[in-house]
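Scroll down for the structure; my scribbles are underneath it.
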Amino acid sequence: MTTWAVDSGIESSLREIREGIKEGRFPARAFNDQQIFDLEQQRLFPRTWCFLAHESEIPSPGDYVTRYIGNNNIIVARDEQGQIHANLNMCRHRGNVMCKSEMGNASHFRCSYHGWTYKNSGELIGVPYMKEGYEGRLKRKDWGLVNVRIDTYAGLVFGCLDPRTPSLEEYLGGFQFYLDLYLKQGEAGSEVHGPPDHWVADTDWKICAENFAGDGYHTPVAHQFGFNLGYFPSSGSTHSQGWAASIPGRGHGIGLGHSPNFPPFGGFPEELTAEMKRTLSPAQIEVFSKVRTAVGTVFPNLSFLMQPFSLVPGETGVRFVTMRLYHPVGPGRMEMYSWCLVPRGASQEYKDEAYKAYTLAFGQAGTFEQDDFENWTKVTRSAKSTMVKNIDFPYIMGMGSERDPDFPGPGHVVRPYVNDTNFRNLWGRWADYLVGDVEP
Amino acid sequence: MTTWAVDSGIESSLREIREGIKEGRFPARAFNDQQIFDLEQQRLFPRTWCFLAHESEIPSPGDYVTRYIGNNNIIVARDEQGQIHANLNMCRHRGNVMCKSEMGNASHFRCSYHGWTYKNSGELIGVPYMKEGYEGRLKRKDWGLVNVRIDTYAGLVFGCLDPRTPSLEEYLGGFQFYLDLYLKQGEAGSEVHGPPDHWVADTDWKICAENFAGDGYHTPVAHQFGFNLGYFPSSGSTHSQGWAASIPGRGHGIGLGHSPNFPPFGGFPEELTAEMKRTLSPAQIEVFSKVRTAVGTVFPNLSFLMQPFSLVPGETGVRFVTMRLYHPVGPGRMEMYSWCLVPRGASQEYKDEAYKAYTLAFGQAGTFEQDDFENWTKVTRSAKSTMVKNIDFPYIMGMGSERDPDFPGPGHVVRPYVNDTNFRNLWGRWADYLVGDVEP
Amino acid sequence: MTTWAVDSGIESSLREIREGIKEGRFPARAFNDQQIFDLEQQRLFPRTWCFLAHESEIPSPGDYVTRYIGNNNIIVARDEQGQIHANLNMCRHRGNVMCKSEMGNASHFRCSYHGWTYKNSGELIGVPYMKEGYEGRLKRKDWGLVNVRIDTYAGLVFGCLDPRTPSLEEYLGGFQFYLDLYLKQGEAGSEVHGPPDHWVADTDWKICAENFAGDGYHTPVAHQFGFNLGYFPSSGSTHSQGWAASIPGRGHGIGLGHSPNFPPFGGFPEELTAEMKRTLSPAQIEVFSKVRTAVGTVFPNLSFLMQPFSLVPGETGVRFVTMRLYHPVGPGRMEMYSWCLVPRGASQEYKDEAYKAYTLAFGQAGTFEQDDFENWTKVTRSAKSTMVKNIDFPYIMGMGSERDPDFPGPGHVVRPYVNDTNFRNLWGRWADYLVGDVEP
Amino acid sequence: MTSTQESRVDRETVLDITEFLYREALALDERRFRDWLDFLAEDIRYEVPVRVTREGLADWELAPTSRIFDDTKGTLEVRVRRLETDFAWAEQPPSRTRHFVTNVVVDRTETDGEYLASSNVFIYRSRGDDPNPSLYSLFRKDTIRRKGDGWELARRWAALDQALINAHNMSIFI
Amino acid sequence: MTSTQESRVDRETVLDITEFLYREALALDERRFRDWLDFLAEDIRYEVPVRVTREGLADWELAPTSRIFDDTKGTLEVRVRRLETDFAWAEQPPSRTRHFVTNVVVDRTETDGEYLASSNVFIYRSRGDDPNPSLYSLFRKDTIRRKGDGWELARRWAALDQALINAHNMSIFI
Amino acid sequence: MTSTQESRVDRETVLDITEFLYREALALDERRFRDWLDFLAEDIRYEVPVRVTREGLADWELAPTSRIFDDTKGTLEVRVRRLETDFAWAEQPPSRTRHFVTNVVVDRTETDGEYLASSNVFIYRSRGDDPNPSLYSLFRKDTIRRKGDGWELARRWAALDQALINAHNMSIFI
C-alpha cells in the first residue's frame, strides 16, 4: 500500500510510488490530484519534449498554428525561408496575445494593444513612438518573442522548454522503429488529413496515455459492441495474442495486437505495402506484417493508433491512423487533439476511405472514442474520492516476463498483448520526473 | 471575539471556538470556509455515522441505491439473502465506476472498462484473461470492492468509515426516543413515499443542520406568508412555546413546538394514534401528544421534520414527515436530499394526502423550503466576507436554563421552544471533532 | 529579471519587484496570480480608501445602493437626516443579507430570517421574542450592523476598513486639482447620469488601472478604427503630445493629451466653460484649457476619462466623462462599474448628448470599451502562463525625465503624453502596500 | 416518414394553440400571475415528476410517485397568493425568467375539443447580481382544451431533463 | 383565457413578421451586417436599457436613463463600418453568435401598418478556443412596419434578463 | 427589406417542413432511434464539419476536410444498432437530450420537391447526476424532400458554434 501524504511529504510519497511501480502497484489517487498536477506542470512537461504540430499542418511560408506546452500558448510558424519557429504567443511590451486564432498565415504579427510588430520568427521589428516615447532606451533585439527550442522527427515537431534536455533522437531512444509504422506510410510519408478534432474532457491525461501505451486488455469489453456486431477484426478467444514493447527508462510503449488469421499487412492497399517494403528496414517489415493493431504512446502525452476497420463484418477493411495529444488543463481535466494521419502519396480515394473509418471510430463522435472517454471520465471521478488515498491498482501482468527472444524490434518486448509491462515503464519514467531525478 | 487564523493556527482557533460556544458565541466564518470544509472532510465525516439510505428504498434482493460519504460514492445494495452491504462504487482494477445510476437492481456488477465482475455484496468473481494476463499472480479475494461498515436503526441505514467509532446505538445515545416519532408511525413503521428530491444549493450544510436542530425562532418571519395566510397552525403570540431537547456530548437536538389550543396528536389519523399508543412507551406518548412541530437533527447532517399542514386556514390538516440529508460538496455548497416518510401501514389515501402536503411545503418547489433556502444561501454568502473574520454570532438564548423537571424525555430539555441551547450542543460536538478530540 | 518565488519567498519577491519598478521593469505575472490577489485582498484594499458611490446616486433620505470593498457587500445609505452611512450588508444575528437589491429606498431594514430590524444608519432597533428568548441577555447596542468609516470629496463617497488610514484629503494628496475637471463641471458640480453599467470580465483590475492612469500610447493602435474613420480628434503624428502627471508616493496619476490644433476647452458648451472659469483656480484653467483627453486613476481602482467625441469626422463634438470602478473578484477577474458623469447644471439636451457619446464609446457596448477589454482579457490570459514567471515588461518611457518646469499643476509632471512615468508611480505605491510598508 | 394526413390537426388549431402557449409564457415572464391563472382550467392537473438516474433499460427514470410539483388550481392559487405577499422571500428580489417555448407539436386526443400539445421549454432564470443564470430544460405534454372562442390549459405535465437539479429552489412556474 | 378574436392580427401577418425576424437574425449570425442594416427603418430607435436589481415592488428595474445601446440608424452604421475595418479587435476573431428567436407574438399598434412583435431571444456566443460560451437571454419588443411588399424594423427595444452582465463586452447586435 | 414575393415558398410548405423537423427532433429526444431513421432518406448525407478558430478574414473557419460526423444512412444505422446493444457505454445511462429547434426558414432549391430548411438548434444534454448540462448551439442547413404525402431528410449539414467542444464525447445525434 502506498501511503499518500496529502499535505507535506509528497516527496517521500513519490519515492514510495516509484518503488511500488516496480512491485506492480500504482496509486489510484495519482489520476486526479491537484498536487500531482502541479508537480507535473513544474517537473514533467517543462523538461520533456512536448508535441506541437505535424509539419504538414503548416506547409507554406507564413503558415502557423497555435498550440500549448503546459498553459503556455505557443506559435508554431514557418518563416519565409521555410524554417519552423516556436515562440510564446505573447507580446513583450505588456503581454497581449499576438495570434488570436488557432491557425493562419502571416509574415508579421502586429500587436493590437500598442502596435509592437514582430516577424513570424519572433524578431521585434516595429515599435511605435520609438523616439518620442523610448528616447533611445529600448533595444529591439532584447525584446523579441520568447523563443522555444524545437526538434523534429519524420514530420513531428516537438518543443522543449529546458535547454538541458538531450536531443529528440536520444529522447525517443529507439522508439522511432515503431513510430515509422504511423509516420512513414509509403515513400512520401504521412500527413494530416485536416485540422484535428479538439474537445475538452473531465479526464486525466494519464489515463489516456496508459490506455494507448498498449491496453489491449480493455478492447473486448470497452468496445464490446464492435466485437458483437463484427466490426472489430479480432475475437475474444485470441485477443490476448501479440506483444507489448517498451523503451526502458524512456517511458515510451506500444502494444502490438496480432490475430492468427489476419493477413500480413491486411487492410493496407497493395501499392502502400510495396512502398513500405522498399523504404522500411527488414526488421520493421517483419514486425509490421504481423500487426493487426498498433497502439502506442510517446512519453508523456502523444499517442498513435493504427487499426483496420470494416463495416462489413468479417472483412479486412481499411487501415486508419490516428495521432492524439492529451493536453492537461487541470487535475482530471484535459483537452484532446485528435488527428487522422494518411499516407501522403496514396490516392485521394484511399485517404478519404481511411478518414471515414477514422471518423466513425474516433474523434469525438467516433464509436470507440465514445466508449473510451466514458470509461476514462469515470475513472477520473473515482480517483478523486478520499477513500482511495491509500488504494493501489494492480499492475502485475507480465511482471516477471522475459523478453521475447525472437522479436526483431528494439526495447523490452514481452508477450502477450494483454500486459501491464508497458505501463510500469510509463509510470516509472513519470515517477522519475516527478521525483526530480531526471538528468536534464 | 474569536480570533480567526487564516493560514496557520487554525488548530488554536478551533480551540478558541470551542470555548466560545460555551459562552454563547460562534464565528460567522465557519459557515463558509475552505479550511473548515477540509477539516470536516478529514476529521468529521470519516468518523461519524453517516446516513446512507432508508431500508424501504431497497426492499428487494438486488436493489441498490448509490449515495455519498464525503466525496465517496457508495453502493448500498441488498444481496440475494436480503442482507444490506455498502461498498465504494469503484472497480479495484483501474478505478472505473461500477454502478452508473442512482438506483437499480442487479445481482452482479460488471465493469465496463476491462470486465471485472463483482457480486452485489462486493466480492470479486470474474476477471477476463485471468490465465493469459495474470498468470496466477492475482488473488480474487484481495480485490473485492472496498467495503464500508454499516449499522441500522428503525429502517435508517448508516455507514461509517472508521472501524473505531462505537456502535450506532451508542452514537445516537438516547435520541432514538425522539426519532421514533418519525420512524415508528404505526406498528408497521415508516417508509419512504418515493425517491428523494435532490438538488444543489450554494448553502453550507451546517446552516441547515442548525435550523432543523430546532430553530423555532425563524418560523414566524421566514415563513411569515404561512402565518399571514393562515396555513401554519401557530400564532406569533404563542409561537415561542415548547421545548428544546438535546443529547449532551452527542450533538443531536430536536425542537418541540407546542400550541396551547392544538389538539393532542392533532393531524394524525385516529388509527395511527391508536397504534402509536400501543407501540410507543408511555413517556413517548406523553411527549408526542403535546407536539405540534418536531424538528430535529441527527448529528451531523440528517434531519427530520413533522408538521401538520392544512390549506384551509384554521383547520388541523394532515401531518407529514420529511427526512433530509445535507450532503456537503464544497465550502458553502451542498446537495440536498429530501424524502417524505409515510406510515407504512396507513391507507394509500392518507399517504397521498400527507405527500401532497409535503410537496406543497417542502421539496425544492415547496413554499417553506423556498424561504429557507433563500435565507440560507444568503447567510452562506455573507459568511465568506473577509470583514466577518472576527465576528461571532450570538448563541445566548437559554444560556443558564435549568432542565425542565417535568419533561419525561431523555437528554437536556429546556424551555421555551425559541432557544439556542440545542445549537450550542451541536456546535460543541462539531468542535470536538474538528479539534480532533473525539475518541474514536 | 525579477525572480518569482512561487511558494515561499513571495515577500522577498515583492521587495525585488519594488526595486525593479525603479529601474523600469514590472513582472508579467503580477497581472494574474492567486498569491498576488490574496495579498491585495489582505494588505491593499483593507488599507486604502475605496470608492463606494457618488452622492448623486442616493440623493434622498432612505436612498441606498449596495457596493463592495473586497468581497464585503456594503450598504451605502442616506439616513433621514441626510447623512450618509456605510455598513456591512449582514445581519448580526445569523448573517443573513439585509438588502437584497443594488439600489432602493428604506428607512429600516428587516431581516427575512428571524426578523431583527435595523435603522438604515445601522442601529439595531427590533428583536423578536426579546423577552422569551433572550431573557435580558442581549443588549441591542452591541449588535448593530458592522460600520464602515467613510469620507467624501466633491460628491465621491469612499469607505475605508482601516481606522489608521489618514484622511481622504491627505490620501488624495493634491490629486484633487485634476479630479476637479471631472467632478466640478460647472458651478453645480457633476452628477451621475444614471445607474452604472455593470459587467464581469476576465481581466485583472490592475491592467485597467494602469491603462487609465494615462496610457496614451495604446490609443492609435487599440482604437485604430476611431483614428481611421475620423471619430477620434487626434492624429498619429501628434498623438504623443501632452503630459503625464502623478502624485509621488500616492499612486495617483493622470495623462493629459494635447492636440496642437484643438480649440481650448473644445467640446465644452460655452456656458460651462464660463462657469468653470469662475469656479476653478487659474492654474486649473490654464491646464484644463489645453487638454483634449484627460485619463486618470485614483489609487488603487477608480478611474476617470474626459474625452470629446464626434460622429462627424473632423468636428470637435461633445465632451463626455466616464467614471469607472474596477472591482477585483479573483486573480484575473473583475467586475466593471462604469458611470457617465454629467454637469449637474447643464441643459438636459447637453446631458443627453454627452450620454449618447459615452454610450457609443464606453459601457460594455461602447466601441472603445470593446477594444480595451479585448486587449485586457488577452493580457490577463498571457500573464498566467508559467513561462512568464521570470519575465518583466519594460516600463522605461520617461525614466530620467525632469519635471516640466512650466506646468502649473501639482505632482510630478513630465512630457510627453506617451509615457510610463505614471505607471512606475502606480506600481511603486502598489508594491509599498503589498510589501506591507505603508504606515497606516 | 409519411405524415398521417387523416389524423392531422388542422393548421389553424396548431397555430392557435402555439400562440396560446406563447401568451401563457408571457404572462409568467411578466409576472402577471393572476392573468396566468386565467389560462388554466378549473380542473387543471399540474405535475412535474422527480427524475432519478437509471440504467438505459430501467422501467422508469421519472419516478412514479415522487413529484416536484403536484398541483391543482387550488394549490396554484395558494402559490400565487403567497407571491402577492411581501414575504415570499424566495422571490425577493424576483427571478427574471424567460420561457423559451419551442417545437410545439399538436396531436388529437380521444376527447373532442382537447388536444395534446408537446413542447420543449428552456427556462433562463437570473436573480440579483449573480452573473450565472439557472438554466432548465423541460419537455412538456400539455392538454389544451377549447373554451368558447379560446383555449384553456387542462393539464400540464413537464419533465425536467436533469436528475440533480441545479437550483437552490424552484420558486417559479414552468 | 378567451382570445379576443376581433382585435387579433391575421395569421398571415403573424407568420410574415415571424419570418422577417428569423431572416433578420440570420443576417446577424452570418455576419452580413450590411444586409442587416437593410432590415432597419431609416428612423429606427435601437435601445437596450441597463438593468439594476431592485426589490419586487420597486418602480423600475430597467433604468429609465441608462442604456447599453441607444442607437439610431446612423450610429448602427458607425458600428457596422467599424466592424468592416481590420481594427475591430473585439471581433477579431469574430464572435460566433446564434440568435434563438422564440415565442413571437404579434399585436396591433395604434399606427396602421405597424405591429408590435414581442419575442424571446436567447443568444449563444462563442469566441476563439474558449469552451465556455456567453449566453444572453432577452425579451424584445419590436415595432415592425409594413414597407412595400415587405417589412422593416422601426423600433427595437430589448431587455437583458441579467443585472450583472457576464461578458467582457457587447460587441454583437441583439 | 423587401421580401421577394415571387420566389417565396408557400406558407403551407413552410409549416409542414417545420413540423417535420419538430417531429424528427422528438424522435431523437424520446430515443426512438429506429423511428428517427425513418425520417431520413436512403441517400442522406449527414455532415458536421470541424471548426477551427480563424481570423476574421480567413478563407474558412469550418474545415474543408475535417468532419465530426460524415455519415450515410448505412453508418447512421451502425450507430443506431450500437445504441441498441447493452454495450454502448457512452449512453449508459442515456443522455437526456432536448433539441430546441428555432428560426426555421425555408427556401427553394434548384431541385423540384426539395427545399432548403435553415434552422438554429440548441441542444441541452444532461447525464447522470451531473448538475451541469452540456449545451450545444448549431446552425443547420437541411435539404427536405417531398416523399409521397410527407417528407424526408435528404441532407443534414450542421455546424457547431464552438471550436473547442465542451463535451467528452458526441454520442448523440444533432
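Going by the order they are written in, the chains are A, B, C, D, E and F; count residues from 1 in each one.
The working rule: a residue touches a chain if its C-beta (ideal position, glycine included) is under 8 Å from a C-beta of that chain, and two chains touch if they have at least 3 such contacts.
Protein identities per chain, from UniProt: A, B, C = Aromatic ring-hydroxylating dioxygenase subunit alpha; D, E, F = 3-phenylpropionate/cinnamic acid dioxygenase subunit beta.
What you are looking at is a predicted structure, and each value in this text was computed from that prediction instead of being measured.
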Among the remaining chains, which ones contact both chain A and chain D?
-> B, C, E, F
State the pair with the higher C-beta contact count; candidates are B-F and B-D.
-> B-D
Calculate how many whole Å lie between the centre of chain A and the centre of chain E, each centre taken as the average of the chain's C-alpha atoms.
-> 46
Roughly how many whole angstrom separate the Cα centroids of chain A and chain B?
-> 48
Averaging C-alpha coordinates per chain, one finds the centres of chain E and chain F separated by a number of Å equal to 26
Residues within chain E bordering two or more other chains = 53-55, 87, 89, 91-93, 100, 102, 122, 128-129, 131, 135, 163-166
Which residues belonging to chain A are in contact with no fewer than two other chains?
-> 100-102, 112, 198, 200, 222, 371, 374-375
Go through the chains and record each pair that touches.
-> A-B, A-C, A-E, A-F, B-C, B-D, B-F, C-D, C-E, D-E, D-F, E-F
Write out the stretch or stretches of chain E touching chain C in their complex.
-> 48, 50, 52-55, 58, 63-71, 74-75, 78-79, 81-82, 85, 87-92, 163-171
Given the complex with chain E, which residues does chain C contribute to the contact?
-> 100-104, 193-203, 222-225, 228-229, 231, 311, 335, 355-356, 359-360, 363-365, 367, 369-371, 373-377
Given the complex with chain B, which residues does chain F contribute to the contact?
-> 87, 89, 92-93, 128-129, 131
Within the complex, which stretch of chain D touches chain F?
-> 1-3, 5, 11, 14-15, 53-57, 100, 102-105, 118, 120, 122, 135, 137-139, 161-166
Contacting residues of chain E [partner chain F, same complex] = 12, 15-16, 19-20, 22-26, 29, 38-39, 86, 91-94, 96-102, 122, 124, 126, 128-133, 135, 147-152
